[in-house]
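Listed after this line are the structures, all set down as structure tokens.
Each of the two complexes below includes subunit A, the first together with subunit B, the second together with subunit C.
Take a look at the complex of A and B:
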């Protein structure tokens, strides 16, 4: 194939509509803001794991679609989510990423969320419990009963993850939204309480969907030396990508031959409860979360888009809360030697998506990104990406291959 | 009557507060310059540790969080305060400061609402 001039380069590929996307969906600021509004404010987003706020009065803060959020565990052990915003003058109430409200702070009181601006206080249920000099200023015109926090839908489910939906009336319950793709590992992750043993985050100059795309296709195993040597065999190629309603995908399992990688041994001595050793399932949830169970360790990626070409990814590794010290160490070793600082897979993925981020900036010429591999849904089929972008198109009412057009169904229906 | 030694007179600087543990009971000692007083350690308003939040000046104790104030000698309310300070009986024997602890003094605080909010989204 000879090199192409501008007109040839910009021409649509010889594939049916739905099998490529226009790169503006990864770079256009207007589309980005619209995604936050139409997708991130409407769908269920996992924000952390319940083991990260294990004690009453523990909290974590986060954001979804620009909205600051505080997650608390009450003295009744219930996990609740609120906008992290004071009803008085709109100040962010809690500025720490995580901690406990049990101890007072220089401008806060024990067992309360305190807005340091004017000392208004809220309990773990979001009730306003103190307005400084209330009667003097408001007489009886406004009182604590009128000034509770904005509560958000929040559920703990699917292995103990904390899920928040900014929409008071979500289109689906969490169970209906995510239950089916989780079925393949649900029994294992819900058998016993889990615990986060690894956390790191990365802020990357790329669009959040590009990271999700990479999680949703295995064709890029040509970049992962580890996966090639431990995996490429008949069983590897026999895995299927399965699409679920709402744009989710999962990948069926196979037995990974860890001992084929120099310095590694089989991992059959430790697995998750009710989970056969050395198996590997992967779940990709719309609009951008990944759950990855490799026998002994569970990895979860949660993405927070920060801009059209910037995303924060939080990586967590989880084991079983009741682990012995030895088992926990084994899980940590297994997790970190693939996905942690001593592994190579994450770094390789980062090279891929930052390379894409570098070529797809707002002012760059739009181009066609191909999602057209068909292999009967087997592992190198790009069905996961096509399935995702069909869902994206519906929520956005935009056509992924020409985002200035309204959504229409792909020429070849996704299976 | 159960008199217990808390500290030496020179353990607490003039016009300051210091918290001690007396056989498991936390006691806040105030040095007014010429006399000592003993209180429970927390502000009766919102469970603040007065050792950290309290300011002693001119015989007045002020909790810096919400400006509740008391007469240090008597515990009487001043300013914004809505509850008096409780006091332990205290005496000084030579250099020793002693308090009489019958039982631990504690304030009643507003508890979190017990109201069930399970039906919030129904």
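Take a look at the complex of A and C:
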């Protein structure tokens, strides 16, 4: 078709419902806030890795759906999560990204979370253990026993990630939620304790779902010179996308020919425990996390949506805790060459999604975004995107292709 | 510092500043000509978030040569990176044959693409702050890089970069 006039451009594509979405799902401020309430406050979110708080009294802070959270490791070695909010007058209790409560703070004692404002103190289980001048001010009307922190559902699982759910009664247990899609790499990531060796973040102007889309489709390998030369072979085109309950997706493995890229070597010599060399599995978890085990390194992306057109992506790289210095360096090099902030692919992926963000800002004309590639679920089939958006539609009770309408199932189910 | 320490320190500074000019102009080959064949390059950062001394990138002379030669095959943000550097300290070894230097570094991104170049081109963003920790060899009064560690403080790198810093 030649270039289109406005009416033609705005017309629905010649694809069935469920095979395209309306860009307002990426740009509408109301939809964004609703997603935080209906999805991010209801589902299991991985927030960090247990190796980031490896010793008793270590802590890590994070945010889900605007809510500040503190994760602690108790003297009993249990990892717990609390709202990082003081029950007195709402001060953020711990302000640093990580550290240890073993040392006392200017306002409080060692082994306590202390709110610096008026020196209320809490133990690693979230009990309030000290209110300054308690009796003098509150007599017997309010006491420590009434002013514990807000505890949150928290589990350490799937390779030692710390998962939090803001809902006290989540629809599924973490195992029911994520167990199936993790099966493909579970043996490898649970064989031994892992350790995070890489962390950096991007805050970019795009919708979080667009990053998830990029992580869920391999068609964009055309953008990556590296992947075109190391990947495009018969085995690559035999990779399948598999949808799971709850909107999660796996991309199955194949053998990557790293030596096809000048300057790179095969990664045969180092893998993960019980993981065949040069293999590569992807897990895309609803609503926006990605786990990527590629030969010697595990990558995890965690997204924190910051607005309809703004997201923070935290990038982590992981190896095996017992790595020798040499093996660790090899994992780091492998990780960085493709996925580091100065690596070959990540930069290209981030340019891609910010380019989408720029054309789909709120108040631009709604665009039709096509998810209609069918290739028997093989690698360039957009089944992963269709599967995700069908789930999204159910949680939001909105139709992805016309988000002001109520959800209805696509004519042909995404599965 | 050796008897000719001052002259050597000047040679070290000269090589560092020239390297900044060449990197700013994306003259990768000419930059690598200032580096010894055994040159080692890395970008590192301490992460208080994960309590780990991270390596974001590392490469030797060969790897940097192939990598920079392949840059035209990659899709890249076209916004040039521009360095501001000040050599804070040069220490010449006793024998006068090697030296180390610490250079304070700020890298700005001079937007060309941005998100929408119509709006963003011409604007400058702070891209990263850090230091060059260099080791150089001195021969015939000239300094060549043996090692460069770019020790950065920045861990929010947004779109990142394909280019050596």
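Keep this in mind: the second predicted complex is superposed on the first by the 412 of 415 C-alpha atoms of A that agree within 3 Å, B and C clash if a C-alpha of one lies under 4 Å from a C-alpha of the other, contacts with A are read in each partner's own complex, and residues count from 1 in each chain.
Simple rule for what comes next: a residue touches a chain if its C-beta (ideal position, glycine included) is under 8 Å from a C-beta of that chain, and two chains touch if they have at least 3 such contacts.
For clarity, every value in this text was computed on a predicted model and none was experimentally measured.
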Using the superposition on subunit A, tell me whether subunit B and subunit C clash or fit. fit
Is A:306 touching the first partner subunit B, the second partner subunit C, both, or neither of them? neither
Is A:343 contacted by the first partner subunit B, the second partner subunit C, both or neither? second
Touch test for A:200: subunit B only (first), subunit C only (second), both, or neither? second
Using the touch definition from the top, say if A:119 reaches subunit B (first), subunit C (second), both or neither. first
For A:52, is the partner it touches subunit B (first), subunit C (second), both, or none of the two (neither)? second
May I ask you to decide whether A:15 touches subunit B, subunit C, both, or neither, giving the answer as first, second, both or neither? neither
Residue contacts on subunit A - larger count, subunit B or subunit C: C
A:358 contacts which: subunit B (first), subunit C (second), both, neither? second
Can A:332 be said to touch subunit B (first), subunit C (second), both, or neither? second
Check the superposed model and tell me the shortest C-alpha distance between subunit B and subunit C, rounded to whole Å. 24
State the interface residues of subunit B toward subunit A in the complex, per the touch definition above. 46-49, 65-66, 80, 110, 112-113, 115, 117, 120-121
Touching residues (chain side subunit A, partner subunit C) in the complex: 49, 51-52, 54, 60, 96-99, 196-205, 223-226, 262-263, 316, 329, 332-333, 336, 340-344, 346-348, 350-351, 354-355, 357-358
Taking the complex as given, what residues does subunit A use to touch subunit B? 74-75, 104, 109-112, 119, 121, 123-125, 127, 129-130, 132-133, 151, 153, 168
For subunit C, which residues count as touching subunit A in their complex? 43, 45, 47-52, 54-58, 62-63, 66-67, 70, 73-77, 113, 115-116, 155-165
